[in-house]
């Protein structure tokens, strides 16, 4: 039930094909998932999104599986079924255990509950949670 | 701008006071933040929420700072200013570095973008992301 | 911090003034809250919204305070601070007790938690929750 | 399309089985819906969620059907299809009439509309909607 | 997977039938889509919603296709699959080209990303973006 | 109430300074708003976001003011006060009239209402709104 046709490999424009080549090379896999096949109608957004994702999800200071779990957590809060499935699979592929998954899901649920309790009650932010602009960034809270 | 008065220590019911005592003992700090002072009007919800939070945020398989970061990510997606401030401070207190914070924020933004692109295009979930019920849980994706 | 100026009574167009007159007459109060003063730049939307609200919140089969509580619950989930404050005050004015308020807030929080747990896990709807189109409306579930 | 396998009765751990027993006993029904079968992978979250739900939805000052309707209203705003179906069925089972349902749906829609109008215009909260901390709780607004 | 039965033409009440007649006459088409068939159980909400939609989507200063695109953008952010499909089709019917669609989708994604970055960082509104109440409306920013 | 300190010009890293230079040059204005000053702690995300925004908001087939209005519409649905203010000001600067603004706000509110009505009722997508994969893209609906 898509609003655009998913493009098969032989329907790609040359620009989209070049990006698919990079996706395959980067992931070292022939498989290109539906998200990119839907975006492929617009090579500009396809390319920008792929480059941004590569930058954001590249090896950094957070573990790859933690990065995927943060991605899943946001996708749950936004109600994106596709993203939940693809990034939960991604987190598992990067080593997330069943126990880690269970802890993550519990945190997402708990955060949702306290988020709404706080919003209901209109709780003002405690001074201690504010950064002290004189100290520069709040890193030492 | 709250919908209930924040209760000071000497306005607490005995039930609420007992929970505040446990908050202070568990956190080894005299400070009790505004969220609990707003919830204190309803000792039942105060107690259940505190017990749930203790269970969910207790030491487990995920690092404490990662747990706080997942909490922040969800709070951003739900737009809860108080929760963003309190759990960002919490993550920093548990060791989140500026670089880890920067990576988390970038992931939250990126997830928001692809969540909405996917939703706009109505992308169907790839079969490969579905769990195989015969295999029991999808752990090996 | 509004995106439009709040209009005072003497800045109203004749169309907006007529609607303010009806608000005052219907509510039997001189006070007109900021929402209407912001909407007053656009008499067409002001008029349609006021007429719709009168219809939706008119005496019906649900108690007036229950109607306001449903309004608050949705406003919390949408994160609308103004609406939370105005309709919480409205529910109190229509008889919502502190205990009813506490129960409502607890339900909103709990629903938020299970909403996100369900979404995380992608739980399929049980057949028993589906309406049987042959029976016509699902009323007897 | 779940991210975990739904557990059948004979796949439950002893801890999960004990909670299913309590669900069946409390509800006086053999039927256990999919939500609990998905949560059953994590007996700790299963148990905590069930205990919380029992507390929150227990007989109180609000009518059982009103509690379910508040649950539905929040679930609509969060876009949780499963929760909308299960709690709409629950509200009907507890006596919600078609007319009450129609009024609730109309309120949810109207709240969504004014929530977004208010947010668009950035309407500041009227002083009269604020609690007077000197009076303690805002009950008499 | 609806919570109410979709009503066919011969199941309509006289009030609902009159509104369906106006929908058909206004749109100059026999086709009445499922939204109205679900709403038809409640002729009051059916009638109010149809009248409101006619007013809001009537020819005005914005192009009809732009109006539909704004409708789609909001529907994506709210995660309403039905609305995304119906209004994307509507925008196409009113002349939205593939390139315009691609630009709109890219903007929705980008807005989602910066919305969440801003919320994460708690960025305060610059004075220059505030309306100057002395000048009356901020039109000249 | 930010979670990071807003950086002044003389606190910028060389990488961030280069991006601020491009912002100033592109916009032909010395003014750099708070969003960029908050992002400046992370030059990588600052740079990527600025480049993405330049691409997405560059002159295209949609009018610049329409692009800003789509941005505002999404920001309202996500409840981002900062973004609502900055892009409403942006749309006005690009020519959005008061009447166009009023029409946009009315559409956002109406979409929110029908989004939630549709979600409440679980309305299934009509076949006519689905793209015909044989025809390739649904452009001719």
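As written, the chain order gives the labels A, B, C, D, E and F, with residue 1 at the start of each chain.
Throughout what follows, a contact is a pair of C-beta atoms (placed from the backbone, for glycine too) under 8 Å apart; a residue touches a chain by one contact, two chains touch by 3 or more.
Treat the numbers as computed from the prediction; the structure is a model and nothing was measured.
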Contacts common to chain D and chain E (chain labels): A, B, C, F
Interface composition of copies chain A and chain E: same or different, split at half: different
Winner on C-beta contact pairs when A-F is weighed against A-B: A-B
Inter-centroid spacing, chain D versus chain B (mean Cα positions, whole Å): 19
Centre-of-Cα separation between chain E and chain B, whole angstrom: 33
Junction residues of chain D - those touching two or more other chains: 1-4, 41, 44-45, 49, 52, 56, 74, 76-81, 84-85, 88, 98, 105-106, 108-110, 112-117, 119-122, 125, 130, 137-138
Chain A contact footprint on chain E (complex, rising order): 79, 81, 84-85, 88, 98, 102, 105-106, 109, 116
Touch list for chain B against partner chain E, complex: 72, 76-77, 79, 81, 84-85, 105, 108-110, 112-117, 119-122
Residue ranges of chain A touching chain B (in the complex, touch as defined): 1-4, 6, 31, 33-35, 38-39, 45, 49, 52-53, 56-57, 60-62, 66-67, 69-71, 73-78, 80-83, 85-89, 92-93, 97-100, 103-104, 106-108, 110-126, 128-130, 137-141
Parts of chain E lying in touch with chain D, wherever the complex brings them together: 1, 3, 41-42, 44-45, 49, 74, 78-80
Contacting residues of chain D [partner chain B, same complex]: 1-5, 41, 44, 48, 52, 55-56, 125, 130-131, 133, 136-138
